[in-house]
Amino acid sequence: MNAEGPIRVTVWGEGLEQRRPEVARIYPDGIHEAVAEALRDELGLDGDVRTAQLSEHEHGLRTEVLAQTDVLAWWGHSAHDEVADVVAERVVQQVLDGMGLVVLHSAHLSKPFLSLMGTRCTLRWRNADEREIVWVVAPAHPIAEGLSEAIVIPEHEMYGEYFDVPSPDELVFISSFDGGEVFRSGCCWTRGKGRVFYFSPGHETQPVYRQPEIRRVLANAARWTRRRSSPIDTASSPNSPAGWLESHG
Amino acid sequence: MNAEGPIRVTVWGEGLEQRRPEVARIYPDGIHEAVAEALRDELGLDGDVRTAQLSEHEHGLRTEVLAQTDVLAWWGHSAHDEVADVVAERVVQQVLDGMGLVVLHSAHLSKPFLSLMGTRCTLRWRNADEREIVWVVAPAHPIAEGLSEAIVIPEHEMYGEYFDVPSPDELVFISSFDGGEVFRSGCCWTRGKGRVFYFSPGHETQPVYRQPEIRRVLANAARWTRRRSSPIDTASSPNSPAGWLESHG
Amino acid sequence: MNAEGPIRVTVWGEGLEQRRPEVARIYPDGIHEAVAEALRDELGLDGDVRTAQLSEHEHGLRTEVLAQTDVLAWWGHSAHDEVADVVAERVVQQVLDGMGLVVLHSAHLSKPFLSLMGTRCTLRWRNADEREIVWVVAPAHPIAEGLSEAIVIPEHEMYGEYFDVPSPDELVFISSFDGGEVFRSGCCWTRGKGRVFYFSPGHETQPVYRQPEIRRVLANAARWTRRRSSPIDTASSPNSPAGWLESHG
Amino acid sequence: MNAEGPIRVTVWGEGLEQRRPEVARIYPDGIHEAVAEALRDELGLDGDVRTAQLSEHEHGLRTEVLAQTDVLAWWGHSAHDEVADVVAERVVQQVLDGMGLVVLHSAHLSKPFLSLMGTRCTLRWRNADEREIVWVVAPAHPIAEGLSEAIVIPEHEMYGEYFDVPSPDELVFISSFDGGEVFRSGCCWTRGKGRVFYFSPGHETQPVYRQPEIRRVLANAARWTRRRSSPIDTASSPNSPAGWLESHG
């Protein structure tokens, strides 16, 4: 267990995808449960993992829940618009105040991610069963720890460039696909006091979150994004009438 | 004149600040006119500069105006909330499509900048007449071209860290103030196909935009941010059913 | 012609590769002449392009030549070790003083590039005739100006990750290969007052530098890296006994 | 104790500075011993800290020592040239293979740092007893953990811009001085598989390394830079004749 206590993770999902038989075969309880299970296994005593989903009151993301969340993992696809603006905005504010955010696969178009990026977050895609090779391009980065040179996903949906996001502060993974496309598949940003990691693997009809290396990435990402306390308050622009030093020195 | 023709610049201001006598003494026609004059002088035949202000229909920023603007310079302070959401959003979309944006001084809290950054953009400030030294920390950057090691602003309002913005893609200037504060006063970002430059000098009660080195920075920033055409369309996530190469190769 | 006068480019090559018949068929006068021709065609009046090669006195890179060079383009492969240390160091010092450096293909292991990067610059490779797709991942970057979404090189040697270079300040291109590899094929760095661009296309047995899009990239890179004057002197650590402001203000 | 076992830190110093009485009063056993003591106190069971100095055989940095070092902290000032090239190069190679490097104060001109940066690493300086304020500009960064908005060093030598280093991958601290200078005083880079942190506080005639916040930064830096194992081998450019996937998939 790390010195700060276990990482409190909330895994959010739509909870709708498993209604489709081809998804239910792989993820009978929904993707959020599979991601949560991976994080529980990988983090062990370092993690304290719960789940939340769209159908819950306030989508399971009441203020008290988020205030006690160190890392929010978010998977969404077909119901981005059904997330209430007030909840999406609450997530954004928590990130700016230090909560980590792990954005998974099709959540590149989720409301919190769009707001934090400030861009369109569009990409090229193809429903396919193509081999994806996820290459490590930052071997010193904690999110790549324990991995080999690349992760091979035998069959996956294609996501390709141009991915309309701000240039990542750190680029950890680049993927290739059989069709010749490339994709910045593991991207790090800091927004306010919070850290954001986008990881593209995880289409609902392929058992990506059952793959050991992918599960390792999820756990690494939880460790890297976890909330850190900071005394800096960014809620408003403080007036320092007498000089900072005079009042603090 | 550069090969692409003159840079079409629109300088936007609130047009309210000059109602205060202490501002009118320095900027009788408003800050936007002073910035426009600086750009006209500095860019010469390379520039085609017009102005727009809050009181105009759609704040002078109709779709046709923005579509023919290569760089939008924006100064605002007391009336951020009076800018219509639809106009602010239009500016953001134009930036994502390639228009440059030069954000001046207190426009760090303007709607377009907040949306493009995704953070709170708060900072520390003090109404003062303190010496600001604007140090060049990227001597190879085009925005620093023609400058000496530092620009001294004899008297200026203090803006200090922590400045709650995403880590700039390129940091060109860092300022110090008599009170001991520091500030990342010249910051570059790319958002979508557009370039954004934030430059903090320019409080309304001090004649900062009359200073030759500051005017040079404005012109350099216009050149650096100017719209570039790109065939990449980010309006939506394109489906590539048959593979990009099959349809383009 | 731009305001600063034509860009003075020196294209350096080993001048050895055309001894091999399969190279001579494509580049009878050596690669440096093909690159120079491309730059002459593309830059027109904006360029003043000469060449230099290994066999010349001081490899054609005497101090006076470099002092009058705004951009040095460098292609090398089999004779990195034959470049005199004193000349390599001279190139490095010129870059730190503002000269641009465009490093082509197998010059990733050239002495000047290794010294400026500080890392091993190793990569994965395969002699092959594979399709390379060079994707634009920074559509707002001047080096991508005028390009489409991607450049297709019908047959090329494979260069793949992990590429052991410092994380680029700006990443412009990512390539994919038939074997599933990816590569950061267009990378920008600033070192001192000089700009460095590495561009991986250009194996000697394939006519890559005859391809129009590749030639456009070369010209864009020359424009982006061209020397800019800066009054900042980095030759030594200056002592400021009385304070910078006292002596400059 | 963290999961990976204690961080094995070697603190290197010249061991010469304490011959001067004004230094001996503050650091009777040399600066390396003060830094080591700080790290022992702060890391507790998470650290395993030893020291080495110039006068030892191979400066105390034999291959076996470095191979068992997770983080090397380096303070040097008057004797940079006395460090054997072979030892400096050994340090560089270890960093590229994953060892962390914490470069302190005047070690900006040490051989390993110069080699890893590729630039001149010059800066502006003034022997003075001026107040330095070290501002946090990356509150989410682990190296700033546990700090307030700024660290005030009551009296310190001045280091100012332009600091001729590659733009840091992450900028954690910016300092101001009474003379109006600014300095990027806490900078992060990755080189190969190793992480490098430069931290400018620590002139030998002022008791900077006795200050609690400075000691906290040293410990945070040790945690952030500590060696991580990676299976990627960068010793040479591997030929992948049959494709990576064929041999690994």
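So that you can tell them apart, the chains are marked A, B, C and D in the order they are listed, and the count of residues begins at 1 in each.
Keep this in mind: a residue touches a chain if its C-beta (ideal position, glycine included) is under 8 Å from a C-beta of that chain, and two chains touch if they have at least 3 such contacts.
Predicted model, so just to flag it, every value in this text is computed and none were measured.
Note: Cα superposition of subunit B onto subunit D, rotation of 180 degrees, nearest 5. Taking the mean of C-alpha positions as each chain's centre, the chain lying farthest from the centre of subunit B is D.
Averaging C-alpha coordinates per chain places the centre of subunit B 37 Å away from that of subunit D.
Rounded to whole angstrom units, the spacing between the C-alpha centres of subunit A and subunit D is 32.
Those residues of subunit C in touch with two or more other chains are numbered 131, 133, 136, 138-139, 149, 160, 162, 167, 169-170, 180-181, 190, 192, 232, 244-245. Those residues of subunit A whose C-beta lies close enough to touch subunit D in the complex are 2, 98, 131, 133, 136, 138-142, 144-145, 147-150, 152, 169-170, 190, 192-195, 228-232, 244-245, 248-249. Remark: subunit C residues 92, 96, 109, 115-120, 122-127, 158, 160, 162, 164, 166-167, 169, 179-181, 189-192, 232, 234-241, 243-245 touch subunit D in the complex.
By the touch criterion given at the top, residues 131, 133, 135-139, 149, 160-163, 167, 170-171, 174-178, 180-182, 184 of subunit C touch subunit A in their complex.
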